[in-house]
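By written order: A, B, C and D. Residues from 1 in each chain.
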Amino acid sequence: RYGYFGKEPLKEVKLLVCNIDGCLTNGHIYLSEDQKEIISYDVRDAVGISLLKKRGVQVWLISERCSKTISAMKLDCEVIVSVTHKLRVVEDWINKMSLSWKEVAYLGNEESDVDCLKKAGMSGVPADACATAQKAAGYICKSNGGRGAIREFAEHIFLLMEKVNSQERKLNDLKN
Amino acid sequence: RYGYFGKEPLKEVKLLVCNIDGCLTNGHIYLSEDQKEIISYDVRDAVGISLLKKRGVQVWLISERCSKTISAMKLDCEVIVSVTHKLRVVEDWINKMSLSWKEVAYLGNEESDVDCLKKAGMSGVPADACATAQKAAGYICKSNGGRGAIREFAEHIFLLMEKVNSQERKLNDLKN
Amino acid sequence: RYGYFGKEPLKEVKLLVCNIDGCLTNGHIYLSEDQKEIISYDVRDAVGISLLKKRGVQVWLISERCSKTISAMKLDCEVIVSVTHKLRVVEDWINKMSLSWKEVAYLGNEESDVDCLKKAGMSGVPADACATAQKAAGYICKSNGGRGAIREFAEHIFLLMEKVNSQERKLNDLKN
Amino acid sequence: RYGYFGKEPLKEVKLLVCNIDGCLTNGHIYLSEDQKEIISYDVRDAVGISLLKKRGVQVWLISERCSKTISAMKLDCEVIVSVTHKLRVVEDWINKMSLSWKEVAYLGNEESDVDCLKKAGMSGVPADACATAQKAAGYICKSNGGRGAIREFAEHIFLLMEKVNSQERKLNDLKN
């Protein structure tokens, strides 16, 4: 079978892994006098995450920083902080979940995201990601990090998944 | 009588219903380590709300989120949070107030606002609303959400109401 | 004597009156769950205020809102909050200080600033001021409110004052 | 030897001195009712500082303001606040470290940074620095202060250092 995405059979996205600082947030750390930090996210991205989960795509958030605020987020996702080697950590997860990289979408913005961006079945960066991350990604969002990039990438994933499903339907029609 | 807005007699706007996250606010949720959230609004929009009320237009704020901060806002409006089905909630209000949809203006930015945008006598979206909301709305603000969109929509409503009043005056002149 | 600014002798600016919400700040009110507000200003504007004071121009900040945060600002200026009628309040100050409107510079952004903008010897608005304020002002800053507008207007005042001084020197030279 | 940077032998950058308000931060001071301030920085710049340190470039942060928040920053750099005369303070440091100005990179944005910008071996300003600082600097970042300017300047320094190293290698090859 020769499909739109090459010779390999298309796979559905089962998991979105998303870098936190600069993807979920705009990268700003607000710091108060008593050394407490504040970060921000966009309601649009929270809606995007909830739409992904409704359609059966798990969402995992990942950060190199050690931050209580990130852990305190009420986005109802897996959150892993203090990650020093992203590729290793994501690969561990994937293996435990018996997923292949083809079923993983990755949204990143930093040099430390490049390895994962290259491995993932679908990869995206916010419009204001660093140059090396932009080169490694398949999809460059119009939205900046912390300003709708997850939502936009989610809608891109939904488009792909509809294509996959319609192709599978056509394939089944041909078989029957 | 054949007026500017079609065959039906024009009605004054009696109520503005406005989505909070992304219309009153810019959609940013600031989160501190102790899980407390901060949101922001623009003084321009607070002025817009106060102008609306001076001219006899009630303002109701609506949000799908459950947020103490929203309830704590001192904008002197009705605020309803944790709304899961906006159309149903707004329709309930309107019935209780003996208003028709023609007398309601609605400012929204999300897919969950589309039904109300279509029903309202006047409908608007901020410049950075999602694509489906933009398609459903009659007026697209130049201002972004949280950056003057309510003020701009209010001034648009005032313009309309002046037209309505001047037409009514002309009609009365013709009768007498 | 026929100078650059008309027949009246030029006067030095002795006082800058500046609206707070939308001129000193960007108009954003950040609100926390416990109903406490946060506002922000730009260090550039703080530098501008300090330069004005070094050159003998007093700076007064004015707001229609009643806000503890504004009062808590450490900008070392007179701050008057809860002002309902700006023109009356400023006129009172000016009389007490035995100043004329010609010696007052005014930076405003709202409809409520229009009267003062028209009366002041020098008047300015930030780039994102409302349309009616922009029409009433002599100088439209390139900077937005809360993003350097006071600094820019201060430098505009310095330019004017240098012109005034150089004209006075020339006048004195002619006399002697 | 006639190199790319003139007749003097090139020197490696050993120290980056960076103004805080408007370079590390976007210049915004957020102020709460209880007179506590919040400032913000960008994770990109924190990554830039950490890359500089990995390559043997010390980073010092300098501010004219007296701010507990700045001191509380966890960027693992020397931080000096309440500086009234930047040139004098930086010159003291350099002498104590037995460095020459040629080995110092300076990132500034204000008039008070101009002297240091002129003396430093490498000098840069964020895109939104004041006009006089821009004229004094060798490199104008595309990024604004608080939005990646340190990161961008760091990458500019790395490029220079690679040039220095490759020239030294060529020189050594010629000698042997």
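Everything below uses one rule, namely that a residue touches a chain if its C-beta (ideal position, glycine included) is under 8 Å from a C-beta of that chain, and two chains touch if they have at least 3 such contacts.
Since the structure is predicted, the reported quantities are computational estimates derived from the model, not experimental observations.
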item: Angle, in degrees to the nearest 5, of the Cα rotation that carries chain A onto chain C; value: 180
item: Distance from the mean Cα position of chain D to that of chain B, given in whole angstrom; value: 48
item: Inter-chain centre distance, chain A versus chain D - centres from mean C-alpha coordinates, in Å; value: 34
item: Multi-partner residues of chain B (at least 2 other chains); value: 30, 38
item: Pairwise chain contacts under the document criterion; value: A-B, A-D, B-C, C-D
item: Contacting residues of chain D [partner chain A, same complex]; value: 30, 36-44, 46-47, 67-69, 72-74, 146, 151
item: Residue ranges of chain C touching chain B (in the complex, touch as defined); value: 21-22, 27-35, 38, 65, 110, 130
